[in-house]
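A, B, C, D and E label the chains in the order they appear, each numbered from 1.
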Amino acid sequence: MTLLSTDTGTSSGSVFTAKNRLGAFFESWPPGILLALAWLALCAVLVAFAPHVAPYDYLAMDLRARLTPPVFFGGGWAHPLGTDELGRDVLSRLIASVRISLVIAFLSTLIAASLGVTLGFLAAWFRGKVEQVVLMLIDAQAAMPFMIIALAMLAFLGNSLTLLVVLMGFYGWERIARIARGLAISAAEQGYATAVRDLGATPWRIYGRHILPNIASTLIVSMTLNFPEVILLESGLSFLGLGVQPPMSSLGNMVGYGRDYIQSAPWIMLAPAAAIVLTTLSISMLGDWLRDRFDPTLR
Amino acid sequence: MTALLCVRGLKRHFAIRRPGGLFGKPATLKAVDGLDFDIPAGRTLGLVGESGCGKSTTARLVLGLVPPGAGEVRFDGALVTARHDAAWRRQRRRMQMIYQDPLGALDRRMKVGEQIGEPIVIHEPALPAPERAARVADLMEQVGLGARMAERYPHELSGGQRQRVVIARALALDPALLVCDEPVSALDVSIQAQVLNLLDDLRARTGFAALFISHDLKVVRQMSDRVAVMYLGRIVEEGAPEEVFHRPLHPYTQALVSAIPVPGRKRARIVLEGDPPNPVDVPSGCPFHPRCPQAMAVCSREVPRLARDSGRSVACHLATAPAVQAAE
Amino acid sequence: QDRPHITVAVQQIVNAGALDVLREQSNVGARVFYSLFETLIDYDRQLPDLPRKPGLATSWKRIDDRTVELTLRQGVKFHNGDTMTADDVVFTFSPERFGTLPEQIEAQKSGAQLFTSTVAQITNGKVPPPEVAAVARRAWPNLDRVEKVDDMTVRFISEVPDPTLEGRISRYGAEILSKRAYEEAPTWADYARHPVGTGPYKVVEFKPDNVLVLAAHDDYWGGKPPIAELRFVVVPEVASRVNGLLSGEYDFITDVPPDQIALIDDEPKFDVVGGPITNHRLMVFDKNNGPMKDVKVRQAMTHAIDRDSIVEALWGNRTKVPAGLQWEYYGDMYLSDWKVPEYDMDLARKLVKDSSYNGEPIIMRVLNNYYTNQVSTAQINAESFRQIGLNVQIEMKENWQQIFDTESGPRMVRDWSNSAPFPDPVASIVNQHCQNGQQQQVGEWTNEEFNALCIRLETSTDLETRRAAFRRMLEIAEREDPAYTVLHQNAIFYGKRADIAWEPSALQSMDFRADNFAIVKPAN
Amino acid sequence: MMRYFLSRLLRALVTVALIVSAAFVVLRLSGDPAIAILGPEAPPEAFEAFRAAWGLDQPLWVQYLRYFSAIAHGDLGLSMRDGRPALDLVLERVPDTLLITLPALLLNMLIGIPAGIWAALHRNTVIDRAIMTVSVMGFTVPSFVMGLVLALIFAVRLRWLPSGGSDTLWHAVLPIVTMGVIGAAVIARFTRSAMLETLGQPYIRTASAKGLLWHQVIIRHALPNAAIPTLTIIGFMVGSLVAGAVVVESIFSWPGVGRLLVTAVANRDLAVVQVILLLIGFTMVGANLVVDMAYGWVDPRLRTGRAAKPA
Amino acid sequence: MTEHFDELKPLVSLRGLTVDFDTGRRFVRALHGVDLDVHRGETLGIVGESGCGKSITWLAATGLLDARARIRGSVKLAGEEILNAPARRLARLRGGRIALIFQDPSSALNPVHRIGRQIGEALWLHRGLRGKDARREATRLLERVGISNPAQRLRDYPHELSGGMNQRVMIAMALAGEPELLIADEPTTALDATIQAQILDLLGDLRRETGMAMVLISHDLGVVSDICDRVAVMYCGRVIETAGATRLFSAPAHPYSIGLMRALPVIDGPRVRLDAIPGTVPAPDALPPGCTFAPRCAFADDACSGTLPGLRPVPGGDHRAACLRIEAVRRGALPPEGRVEHAREVPA
């Protein structure tokens, strides 16, 4: 970083040395983070306006235009990212998929977080038997292959989007519960929570008004870790044929069905795969960045 | 039953595991091992003693934050339990605590104004917000915080200001008893003086009784009407501060008093040999005898009783055996 | 002299985990079984119309309506070195082998302990799993007995007149086993892992879901097999199979989706062979639920399917739309003038309009590409159905039970495929759609007139009567009161090294005998 | 100490029983093994016979009780598909699974730990950002995409390695690399944050004040302390060793437990699924226990003084 | 500022030491040019409120501040410049010629290593001792700092020892390199009165025996007066007064030093109301112009908030203070309006 000036203010006794503005800006907002935010903003726009931005209906088939390559790879501008095995426009499907995948990931992360936080808090508050039960549930969830849970939900409850969201909400709650429990126990032993309890506050107040906001930053960071994993998990489930189901389309499901075409029509798979990587990369980077920001020892 | 707070035969032991081995052997830690004291309304009892001698545990027992192992605590005649039920929560209105670490005792994500108002929200939920705000402003005025400060977060305040916030919060419901567990230990000399002065003023104004805990004898002397010296979970000496600090009877108190560094004046310290006391291995007889420069044979056999007379009590064989006293 | 080792990458060796033709009911197993076992009467498998030819029997003749006599081939050696005799044939069709002896059934019942490690045993003989008996009964509903005339002559005797007897003798499931080998195996399961047949290759090692290693059976009656070791390895992923072929690890890969054909064909060292098989893809209706009760709705759907486009787009015209649920190899029973409902959107729309339908959702239950192109086909059809004004929704299911399930919601439309294990309508339309067929058994569909015709078709020996009955049955099931509609003939494609001369078969078997396998020097 | 183990064991048993019960209900209610194993074209009476033979026609609770009493007698049951003891079936696959998962885990650590440390030491520099970006990408690329792309490059284009199968050790390379890269990414992230946490501790300053050079401080003082959080995550990974990697095994046609699980679940082959679940459950529990012990080994503070409780 | 020479060259001399911290958008100066000398065999006490820069002065001098600090000025050890010296050279100095001990011994010792190993490390680094020799020497050192049963204690982990014992281990570790200068940063803050007495005694003995120089950082005036020869008072990143210990405590010249002493409660004599300094210490990025103490100072006048006072000799001994109104302070004369009242609210 370059030093621009050393000014000893007359109105203040403090001595500041300014940094290069640009350098300082990029230090608090690294370019990677800015790119990540930009991508996420784009995604947010897509989520909000998907049907209006997409050039075609994502379900519209054109069997005569199957497997058209993207523009510059032998295709034309009619389908900038090419078409899939049913002649549907990959770009439009991508937009629809981003929308569905992000909505799923967001909502399920929320569910996982609520479930995890609730159970974690219960364990932290009651300790003893309740805690043992929660820990057992946590272990059981961690040891149960997710595939089986997925099968269960889909078999018993069908496969509507709502259910998929709920199902994915079951993913990762145990980690959040574990974190929430740990944080809540240590927070409860910290002065501020004891202090409020000693004022005569009810558990609701202690956990809801005090502990939750205090551990929220860590929880948010762990949610940013959960978020990309849900997107990946959904693609893994699609691989097994359990994810978002046709004719609906998600990033994972596009990649899953596109994998057979990895050689003959790679764009079907690569476009959504790139979207997955970009999105999860953005969110993970944001998470890391937030964690560093929230960590007082690093400030 | 004249005193506001009566403590009788109070004990509290903890089951712990001793270091060593993979998970350690179980052992008993006698944090508080039989306390008796009274605090009359409006008076302050100072409690001094080294780290780990059970001061904080006493504070928590007195407030009913942890259940006693034996003995009882009566506040205004009513038994203080540690069942965290509604009745217990109601009792909080009248007994409050001030903590050692003001930053730790405050929620760093809540504005201090809100935090000062929290006891009111808890105990008088019906009070309309504007009236509550007025009371908060009044409290802040009392502890010398500008009303502007209400909008700040704890980390934006200095240590002394934070402790003022804690004090304001404790006083919000006009408690009869305030337990101050090392309220100034984390503060700097100059801020410490500000806070001590403030507590003094407030006590004069509102007349609460206080249990004032510190390991700093100078601070305790500054604040208390009576002091009790604790060693390994027991009171070894009790009396008026001037008496206890200027003519300590117990050898431990003597060592403690001599160890106080006083600027500008060098004087002989009684340096105690041996390791600090360990509440897990409380020595037989007088718990202080292994470190006591004047230990006698009887000390390792018999536990000295806290002999009370004329407002001064001491638990030492030396003090109670007139012969030895004379020989000295 | 230096015979090659050949590796075939398959999606799965056998679905049921056992090398027993009476247990493995999916068409997956047919691929490997032809290398292990043979039937008395065989087909010329690489020819399009699949003419019958002598197999382990050199000749056969009808004695009467109920009896066929076969002369066995001399010098046929089993993998264990025994020579095949009439005893082996009789055994192959015996109640003991079928698991229908009373003591076997008793043992199966008493052994009916869920998940416990005790296999039902009886003192003499084995207890095959009960489903083997069920399959055998279905394959030989009227077989009275198989009689040994002399060492090299046997008679198949049916309880009732049976025009399909020769067909059944040649069918999948009628492969001849070694009596001694079967009896020597400790349990049925042991046998089913190392079966002994007469085929050109014998089992060396079998790990379900992983690999089946076969070695040349040099005493094979048809001459020395051309391959020293034949390995079938399981490679579930299409992309991985293609990768493995292109990287030279596999000599053959099976189940190449039509869209991948060009990719392999473009490589000079590899090519793709294959085509239609004796299996048709169907869409099946449940006439008892919702809008499907209305015959017009079903009819409309049969007319709204653009079968030619599907065949063109998804199959690259490498298969065809057949003439209803029948195959050319039915011979005399083939109704060459029959047609599937023609694609006519206007007619379909009109049918919908005339029907009682008013917008209720129609659920199509679909499995995730259990059949090649299943999901794509379903999406194309759903689109067409929407265009004729039907509110169709695709519902993806994970397994067959969910497809058949009636509790989680109304069952309306599902996918299926039908084969004909032997060349007669009895093998397909009767077996699958009559009273004892799955469709009626699960309660999807029934039709009185149709059911009466079923019996006539099965028992009559008069060709014209039978043809008339079959025609009427097709009319009912495919047009008047649609039970199903045929979408297209299924096709299977194999990727292989271009320097290997090899032909696939419509019967889905892979033939690695000397007359169908040769390594030719590449042209350049 | 003994009591601690016993209570851990008890919790583990209850946990595993919970898993097995849940799986039982799920598998039994969500699909029919008969159709799955015999195929949709098998005659209906074959399904009936199959169900009767395996007792699947009994009420669910009868099946459940039978299953559990069998387990209690040490009988883990037969595979409904193969008729062989489920335990044999699974144990057969374990060596193959370990053959790829163990080296993958090793690779994870060999790449992940140094990368994480390196990134932490160069916090907020280009090195840090590069490592973290690569690491995040490492685990955000879906594993089957990664696997297929690796196979395309190294098997199809370069022909250096086989694309799938399990005949030689060379066949293990691509699966190991695929899993190795993904796991390394995860470990790197954890190591980095553990390391950063440690570097902020006062004893690190004490170590430099003693006169140790920076790299000595890292190696002798920071690493052992940073090992604890890293161990936790590695413990979780060990736990999933036997379950293998479903996706990677499918892509590389590796005959491991993961693929067996997929087929067994698809077939609703209950006994096999349950044996795998038991195996996973006990490995998890075992791994957690080992990690707990390792904590004590790495950090002497954790050897003693568990939470005190009132006497 | 005039260079002042003693008959002995100082062991360590800091000149114009400044430290700027990177606060993200800019650098903020936390240490504003500190000049200090430590002579051989001398004990220098540093006092001042929390956050005034006592610790960073010495961390900066020994190169122990993290990379976000920018250090300027000069630090000479026996005439040799060591500020920003190469890492290897600094490492050899640290623990060897200059040893440091920190506040809160329990967290300053590595929890996962036995204390024997931690002491052994220092012996190995600076005296090349290993194995048995190192063990023998470590035992001797532990014995020296008054730990009973030292041979056995070497095998203990820090958490198995009490805070006082850990602090003694820290001291033993510091002594391992036989340093010429020991910097003790609040060595007794975390300890109890009786243990504190033991440690202070120990430090005093050691200094007498080895003749090493010592810097004692503390905000406990009592401790400092007890064992220091000379004292420097710091406020807001500057040294505002230095004098011999006796002199400083008997006749402090700077209003801040006076305030500090008045604020202490006393153990004997009559109980009086404490005389607290009003207001709080300003943060480094919000210093008032001119004399940084002016807003809290009862003696300050308008000149004080305009000019930054340098250290100036105070008549009567080796005594210097940075105050424009030394004379007035000595006379005890308050400015007419009593400026303190309106200056209470200093932003924290």
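The working rule: a contact is a pair of C-beta atoms (placed from the backbone, for glycine too) under 8 Å apart; a residue touches a chain by one contact, two chains touch by 3 or more.
A quick note: this is a predicted structure, and the numbers were derived from the prediction, not measured.
Listed here as common contacts of chain A and chain E: B, D. Note on connectivity: the fewest chain-to-chain touch steps from chain A to chain D number 1.
Centroid distances from chain C, each centroid being the mean of CA atoms, peak for E.
Counting C-beta pairs in contact, the pair that comes out ahead of the other among B-E and D-E is B-E.
Each chain gets one centre point, the mean of its Cα atoms, and the points for chain B and chain D are 52 Å apart.
Inter-chain centre distance (chain B to chain C, centres taken as mean C-alpha positions): 88 Å.
Between chain A and chain C, the centres computed from C-alpha atoms are 46 Å apart.
With touch defined as above, residues shared between interfaces to two or more other chains in chain D number as follows: 30-31, 148, 152, 250, 304. Residues of chain A in contact with at least two other chains: 27, 151, 154-155, 259, 262-263. Each of residues 19 in chain B touches at least two other chains. Only residues 59, 62, 64, 87-88, 91-96, 99-100, 102, 104, 107-113, 121-122, 125-126, 157, 159-160, 170, 173, 177 of chain E touch chain D when the two sit together in their complex. Chain B meets chain A in the complex at residues 63, 65, 84, 88-93, 96-97, 99, 101, 103-110, 118-119, 122-123, 166, 169.
The residues of chain E lying in touch with chain B in their complex are 49-50, 148, 159-160, 162-165, 192-198, 200-201, 219-226, 246, 249-250, 259-268, 271, 273-278, 280-281, 345, 348.
Chain A contributes residues 190-192, 194-202, 205, 209-210, 213-214 to its touches with chain B in the complex. Only residues 20, 22, 24-29, 32, 70, 236, 282, 284-290, 292, 308 of chain E touch chain A when the two sit together in their complex.
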